[in-house]
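The structure follows.
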Amino acid sequence: MPAPNYRDVVDHVMTAVRPYIGEGKVADYIPSLGEVDPNQFGFAVATVDGEVHGGGESKTPFTIESISKLFALALVLSHDDRAIWRRVRREPTGDPFNSLIPLQISKGIPGNPFVNPGAIVVTDQLLRDTGDAYGAIRALLRAETGNPQLHVDAVTAHSEATTGHRDRALAYLAADFGNMLNPVDETLDHYFRQCSIMISCEELARAALFQARHGVRADGSRLISEEDARGVNAIVLTCGTYNAAGEFAYRVGLPCKSGVGGGILAVVPGRCTAVAWGPGVDDKGNSVAAAAALEAFAKLAGLSLF
Amino acid sequence: MPAPNYRDVVDHVMTAVRPYIGEGKVADYIPSLGEVDPNQFGFAVATVDGEVHGGGESKTPFTIESISKLFALALVLSHDDRAIWRRVRREPTGDPFNSLIPLQISKGIPGNPFVNPGAIVVTDQLLRDTGDAYGAIRALLRAETGNPQLHVDAVTAHSEATTGHRDRALAYLAADFGNMLNPVDETLDHYFRQCSIMISCEELARAALFQARHGVRADGSRLISEEDARGVNAIVLTCGTYNAAGEFAYRVGLPCKSGVGGGILAVVPGRCTAVAWGPGVDDKGNSVAAAAALEAFAKLAGLSLF
Amino acid sequence: MPAPNYRDVVDHVMTAVRPYIGEGKVADYIPSLGEVDPNQFGFAVATVDGEVHGGGESKTPFTIESISKLFALALVLSHDDRAIWRRVRREPTGDPFNSLIPLQISKGIPGNPFVNPGAIVVTDQLLRDTGDAYGAIRALLRAETGNPQLHVDAVTAHSEATTGHRDRALAYLAADFGNMLNPVDETLDHYFRQCSIMISCEELARAALFQARHGVRADGSRLISEEDARGVNAIVLTCGTYNAAGEFAYRVGLPCKSGVGGGILAVVPGRCTAVAWGPGVDDKGNSVAAAAALEAFAKLAGLSLF
Amino acid sequence: MPAPNYRDVVDHVMTAVRPYIGEGKVADYIPSLGEVDPNQFGFAVATVDGEVHGGGESKTPFTIESISKLFALALVLSHDDRAIWRRVRREPTGDPFNSLIPLQISKGIPGNPFVNPGAIVVTDQLLRDTGDAYGAIRALLRAETGNPQLHVDAVTAHSEATTGHRDRALAYLAADFGNMLNPVDETLDHYFRQCSIMISCEELARAALFQARHGVRADGSRLISEEDARGVNAIVLTCGTYNAAGEFAYRVGLPCKSGVGGGILAVVPGRCTAVAWGPGVDDKGNSVAAAAALEAFAKLAGLSLF
């Protein structure tokens, strides 16, 4: 299959997405998210050959939120840490990302690394492995994006921490079943900060390229094995957009990881990454405009895996 | 990516799978299943170019069971029947295939077409569309395999019908929510027969090639649109092996549909299909040897989608 | 405690209940229930000494529905049949009466004899014990009321049978776990007929007096042991009004068994029974006016157990 | 009904309970509980007329645990605080006392005041009402028992606090739904201390007499209204022994409140209270010996409400 002309594709996506910009509802459980202008939209593609093409507000930083979970997982696996798979499974759950019900039924073993309890367990493991989970994630993102200024939004992190009752409930439930290595407060501090990192579409597309390159970083070094990279892509496809993962696979046909900040990252193994961002999200927490953009992208560029 | 030498791949798979043959437990909820020799194993690959390569008992018929659900779904979609998507969703459920819990919570709308209630609803729709759901499925399989003798095992079908209390419970629960068009007994009669069709690895690999060809049948005619075929492949990947779908995506990286008779079908979009069969299944209903074979197949041939 | 003047109490209850008559929604899942005039109300008290006092439409027959479950349970226990307690537990469930969720979780053992699956299991046992479950219940009701004409409403029974998908689902789920002794259709036939018996407030109050007399029938013979009668009263209090049982215990303080036909029976151990009937039910299936009447009755006569 | 000779009854209970002493498993989730000698047993009856009769280790203090929830609830109601009934319902749940599942389904409104989340909400309300929830409970217990030395076991309270991950999860889940008035840590501090109060059978029987007197304290003043006292007795019967409440109502026939420390309190409205204590508990958290003792007590003294 010849490579598509990504510049043209990006332009076509920008046209196709227009009716969806501003759709959905901006997450407002914390003030700093709710204040974001809902009519923004950005799109970027980064190829394994080094091309980057952007459209709209592709250079505007937004809150990474759950997309950070992909980087935390890769970092844990980079420590050759198969132990994580005794602490979290790899199955889509069919439940909302913050549900305590499956976690109680499974006696504290989260269904996958991308529901909140699974991500908290991954951060807990990364904290044990590195002593500084947030720092490790930030360092990876800085290195892969080439932006040494990339930072947490302190106000958002503080808000997440003070309103994160649900995440605290999930973490204490995991702890009750013996599935937390560090004090709950400590792990959550790192978790809330990793979710509050500010990053743009172009940066995020660059940062995730190691997944398109099957584990190889921007500097040519290997972060994780090819096998692990393929495995992570599989988890992203089956679990990356919560209880809409089946729908995303059906409509987009690519591994996609979303965040409640309105960003969605798609990985095309061996070829490229794409990131769309629109602040308005649907009732499952996925950006309406970004989903439409990635569906158009996969169709226009003929990149569906299926 | 150049095409692998499938003959060699099949031979290597036969070697790799040896330690797993006989593993698992033969489904014995009905006598005709329980009497199958557990030490059998078959494997077959069929390419979109018409090659077929077999290994082991690749010509021995086994009970198709849930793999029939894929054909029922394609047939419903072939009637341009988008209505089915109002009756069943496309999400992995994280629950066992015969659980009533998610069906009650979702008020009678099954999570996807491959859990039992979803498959019953699909057969119910096919019965409405055609007047003979079982007949339609059998006709499709006969045409695609070129085997006009392909038939139901009447003893198995009768046993399924007399012991199928759980499926009856699921169907009546769907009916209670208004999600059955035909009398429950009638739909279930077709459903039990479709599950009792006898088919070999080679036949099944041939029969499913329309999914690898994105909707095009053996005779060149189109069964379903390319878009629908891609969508079905996506559902097969995210939901085809029940609550082990995440694990299959991680380990095999291909859309796989399993049946409790011990068969598993894998689709490689644009390239080929592969079918493995070993009667012993794990506690989720997936054949142990067939799973190992398909994992080896994907790795040896470098066919993971991810 | 001196006996209250029940005649006065009945008259006061009739005054107190007036604002509630016509409240609620008449059950209309089958036509014969939906056609009932919602503005009717009846009340009756029967004492262990043989007094009967009525108010309003206390002689108008209504559909007994779930109140029949009390008589079925007593009859099973009258056969010295402790086996029933291996088939059904005695715990309030906190779930709606027709939920399949707890039944699946408990592997087919219903929580108590008054949720629908529990009642179906009890009828199944009674059918095994007697060969004619419905006949046994009708015979008991005829004997205790002295009304040899007491009968099933055939239209209602037929409607229940043709619309009873949910009950079929429950019964097949129990059967799947091996907790049905008779063919599901046969047991349900008896179950639907027992629920369709027509009976008036005064008749029902008389019929249930054996519970107030701790097991002794109108003719002085013993139906069940004193211990069993006390146990049944306890189950009636903790489970008799479904997932409003706690609220009834709090407000009324007496064992109460309700039916979706709008009747509610209260037992005052050692003293009397009371039956109120108003067709309008709340979202949990309990008559609004009958609940108000029994709350007033318990308060006016000082009969709360607590 | 003439009053039984309680002295004789107590002696008979002591004989009847002998085979059960030492049965069950001492709760050992915190060290101070696990160190208790499992072969102890105490029993006491206190009548509304001022008699107190004890048997065995009836003067040995044990950890009150969940029995404290009854006093917290009465104190909240004593502040004329009907608001509590908007924060917690009055229904048995059918679930384990520490389950998060029903709390999530009901969006943070616990099923009743005696499951852990319900009790935490009650303590939270009492803390708001009084500024010192633990202090209020201790003051009530000191006054009613006449023991000014009655105190918390500081070691137990500390252990509860450091191991109480599940209770923290429940409290944060309630907080997430807006059903906590105070900071979670503060409310839990009072909750853990109230559960760690040391009290003997005789003291506890005296302390709870206001429930037998329908709201009147030892000094003749009224703590709560007669109606509220009856309501609390009803909740104790339907919810006081967790998901064994139906079984207790069936076997004992009295309102019973148990604690994982091995104590069970029974209330006989208008007559007396009884407290049994044996450290070994069953898998639902109820003392095996104490349950047997109270069953014998109710039967020997003829005190079943039913």
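Annotations
Letters A, B, C and D mark the chains as written, and numbering starts fresh at 1 in each.
Heads up, the rule we're going with is that a residue touches a chain if its C-beta (ideal position, glycine included) is under 8 Å from a C-beta of that chain, and two chains touch if they have at least 3 such contacts.
What you are looking at is a predicted structure, and each value in this text was computed from that prediction instead of being measured.
Counted as hops between touching chains, the shortest connection from chain B to chain D is 2.
Contact tally for B-C versus A-B: the pair with more C-beta pairs in contact is A-B.
For the pair chain A and chain B, the distance between mean C-alpha positions equals 32 Å.
If you average the Cα atoms of chain B and of chain C, the two centres end up 47 Å apart. By the definition given earlier, chain contacts exist for A-B, A-D, B-C, C-D. For chain A in complex with chain B, the touching residues are 89-95, 102, 111-112, 229-231, 233-235, 237-239, 243-247, 249-251, 253, 255, 269, 304-306.
Residue ranges on chain D touching chain A, taken from their complex, read 99-101, 104-105, 165-166, 168-170, 172-173, 175-176, 184.
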